Amino acid sequence: MIKLRGVSLVYPNGTRALDDVDLEIEKGSFVFLVGHSGTGKSSLLKLLYREEFPSDGEVIVDGIRVDTLRRGKVPKLRRNIGVVFQDFKLLSHKTVWENVAFALQVTGTRTRDVMRMVPRALDLVGLSHKSRMFPSELSGGEQQRTAIARALVGNPKLLLCDEPTGNLDPSNTTEIMELLQRVNLKGTTVVVATHNQAVVDRMRRRVVRLEHGKILHDDERGYYFRGLGQTAVLPG
Amino acid sequence: MIKLRGVSLVYPNGTRALDDVDLEIEKGSFVFLVGHSGTGKSSLLKLLYREEFPSDGEVIVDGIRVDTLRRGKVPKLRRNIGVVFQDFKLLSHKTVWENVAFALQVTGTRTRDVMRMVPRALDLVGLSHKSRMFPSELSGGEQQRTAIARALVGNPKLLLCDEPTGNLDPSNTTEIMELLQRVNLKGTTVVVATHNQAVVDRMRRRVVRLEHGKILHDDERGYYFRGLGQTAVLPG
Amino acid sequence: MDWGKLRFFLGEVFANFTRNAGMQFTAIGTVAVTIVLLGSFLYVRETIQTFGTGVLSQIEIVVFLKDGVSDAKAKDLAALLAADPRVAKATYVPKAAGIKRMQEVLGKDFDTSLLTSNPLPNAYHVRVKNADDVPAVAKKIARDPRVAKADYAADTVQKLLKTAAVLGRAGIALIALLSISAAIVIANTIRLTVFARRREIAIMQLVGATNMYIRLPFIAEGMLAGVLGAAVAIGVLALAQAQVVPKLAQTLAFVSFHVDALTLCLELLAVGAAVGIIAAWLSVGRYLRT
Amino acid sequence: MDWGKLRFFLGEVFANFTRNAGMQFTAIGTVAVTIVLLGSFLYVRETIQTFGTGVLSQIEIVVFLKDGVSDAKAKDLAALLAADPRVAKATYVPKAAGIKRMQEVLGKDFDTSLLTSNPLPNAYHVRVKNADDVPAVAKKIARDPRVAKADYAADTVQKLLKTAAVLGRAGIALIALLSISAAIVIANTIRLTVFARRREIAIMQLVGATNMYIRLPFIAEGMLAGVLGAAVAIGVLALAQAQVVPKLAQTLAFVSFHVDALTLCLELLAVGAAVGIIAAWLSVGRYLRT
């Protein structure tokens, strides 16, 4: 599903966010992306839906060369990718319902289907009762769940979640992770960048650890800290 | 330091965020505020620095009736309170340095002192090397740490942190919590709204749990889940 | 396009409009103000032009006939003059009438009793349709054997024609300046409203909206702002016309105040809509590029 | 205020300005355009007014003396006329000169050989300083025993005076309309630039900034936008004047094109600055209230 070959990303201000990264993620897999703050996780995800261009290397998503993709074709790429942005990126002038519906409307989904799919997605993240509110009227966690609903609603082939539970309490976190697991079982490839040790350690999925823009290790059925389950030591 | 008496908060759209809350927090204490997403933690904090008004009851901070405070006196109140906002609220047209400095400049701090205090605060959160970047050039965790630096820099009497580690990795989280502890030891009252079970369970401080806008329980030296240390069961 | 989508689109436009009401009212206000200005000056210019045409149409060529020409022969000339398509009117003024007119011009102190005989010849007073033609027509008439002289206030005509030409060009220049200014101001305003929502545009792109999909509501909004602004402006202008023009017309009875209001309104609406659309298109485009 | 804070403040203003360059240029563009318009129309109005004064100053009262009045006695009248402060100039026109002038007016076809004697009386041609005084002066002169009649083209004078009065008022009205429009447009523009940063204002408030502290940079920016816009406008106007006016002056030699440019510039700069400041003050205030 995803192939990065020798990918580097240097931002205009000179920051080297990714440094010669090679990564392959198969269709249908579930991968955690972990690493310190500022180590390049979000940057890596941004390359996949072409918010950023690699300074070097190739980015291939679902067989498409993303880094050289013609501008006109980018919307189509993005419609096949659901993204939970780290800062949510909700449309502030649209209600929760409209924000979620928007992701369907841009794909040209029939109104009838929109009316059916949006409530289901909101129900999955437990926000049905907030559907008519604007983002500014939501708590942090509610905004985050709106972002998750928007990413899920279109049944994307690829789901990228950037710190999707940073503003959620443990029980909500568990529910959301179970939701992601179910989505994954239905065939969606899921990549989750997270700092939540408990979540990573419980799920025991593939864990890719970045460090200073490089892949430090990459474990099938890994822990957040290599080899250490959550019940063991916490740093500090 | 903080006294809430029969405080309710009903938002204009009818949402009852807080429901008859009584809470007292002594000067110099360290309190965790926990509870499900959308349960009223941020709303409670917003009352303290008067972003919101209570619909009912009294809010007293440092001996000042906040809810009836004259508008002209609000800036002075806010300068004595450091706030880490859940959504950071960084000024997007100012650099990291300027964002942190701004909190000092509004208090009329002499430029000489600003030049001394800002680098120290940035150093404490590990962002000295990013001081000339704009928020849009930062990772999520870096933005969060900028917000923390801004809240700390003026040595406020009261520090309110709304989910201050939601975007930080475990080691950064530990560092920040240690920093907050140090600040607390120097006399600052610290209130932290958080979902991070590991942090709460490790620190063993007072834990106030909100549920549907009411205080469900309030434990001196408590755990995130009442009576259950982190190594025990996780829900779900 | 299915009905649901159209409804969604219109709902979108309406929602965007109402949810940014303060901003949109500011924009509409600006559009209205600039279009009121444009309308006022179009009106003033039209009035001045009509007035100018009126003044110029007063210019006369005085055709003095030769002394020996009989009244009958003189009247023959009328047909000849009337045949020229440039001529509006030719009035025969026999000696007697001429001296009367002269007295009118000079005032009652021109003592006719001192005249032994009428010093004036028979004459035609010729008015042409277009003041520009005065010299040519005069020259042509002068060639007729019955005519002693075809004269006109050459100096005055020259001045008037020049002034009219300059005023005409200045009017066009000012209207052009004003139109361009109005367009720039409206475009800038709409650009600022788009600027205020650049973040939204970026988000829409990230969620997979095509450029056209993002643009359309903005363009509809730009058009709406333009049209509503123009409508407000037309209302203001109509009110002003109803209030001010009758008073002016009374005071300046000799100036014509007729202006084709419907065309003007449609023009202003079209300007508002067109500028709104183009400005929105370009402004959104600027944020789509990033 | 210590030097560090002043530097900080200026740095603040400059940074805000450059970091929102696109938006600020849009605003400055709008200010410039509206002020160019305002300047052009002030200029045109001044020119028309000068022209009008010129036309009105041509109005003459023709004072016909009684037949028996000797040349010496007639010349005495000059002192009397000159004594009146409203009179600008009084020219003695004896019979002989009068007939010559008449011939000039009527053209060469006024055949003087047919006259047995000069039918015109001796006369004074009087010009007054202010056209409004023509009727009163004429009436006063008429009362003099040596004077047979003091006459003027009553009808024309009436028309001219009325037109001048209406044009004057219309000019003031248009300039007022334009000034108000310019103010509204500039204010709206600055309001939109503030609107685009309402989130920043809210954050500043939450961090403990006083309203004045938040306002000051915006006001400085508003002023800067106003002044820079006005400066650009003045540049454009100066260029236009240097290019266009000489050509116009050549074509319309009889119209005066002198306008006090410095005053005009200062006025426009002041308008830009004032509107910028007031608009910024009010706009920021609107977002400070929440």
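Labels A, B, C and D are assigned to the chains in the order they are written; within every chain, residues are numbered from 1.
Here, contacts are C-beta pairs under 8 Å (C-beta built on N, C-alpha and C of every residue); 3 or more make two chains touch, one makes a residue touch a chain.
Quick caveat, the model's predicted, so the values are computed rather than measured.
Between chain B and chain C, the least number of touching-chain steps is 2. At the far end from chain C, in terms of centres built from Cα atoms, lies B. Annotation: 62 Å between the Cα-based centres of chain B and chain D. Taking each chain's centre as the mean of its C-alpha atoms, chain A lies 66 Å from chain D.
Separating the centre of chain A from that of chain B, both taken as means of CA atoms, is a distance of 27 Å.
Looking at chain A, one finds that none of its residues touch two or more other chains. Residue numbers of chain C whose C-beta contacts span two or more other chains: none are found.
The touch graph of the protein chains shown is a ring with every node of degree two. Contact between chains, as defined at the top, is found for A-B, A-C, B-D, C-D.
Within the complex formed with chain A, the residues of chain C that make contact are 2, 4-5, 7-8, 15-16, 19-20, 197, 200, 203-211, 213.
By the touch rule above, chain B contacts chain A in their complex via residues 11, 13, 15, 34-39, 41-43, 86-87, 133, 137-142, 144-145, 162-163, 166-175, 178, 195, 197-198, 202, 224, 231, 234-236.
For chain D in complex with chain C, the residues that touch the partner chain are 22-23, 26-27, 29-30, 33-34, 36-37, 40-41, 44, 62, 64, 102, 106-112, 114-121, 148-149, 151, 159, 162-163, 166, 170, 174, 177-178, 181, 184-185, 188-189, 191-193, 195-196, 248, 251-252, 254-255.
By the touch criterion stated above, chain A contacts chain C in their complex at residues 49, 51, 74-79, 81, 83, 85, 89-94, 98, 102-103, 105-107, 110-112, 150.
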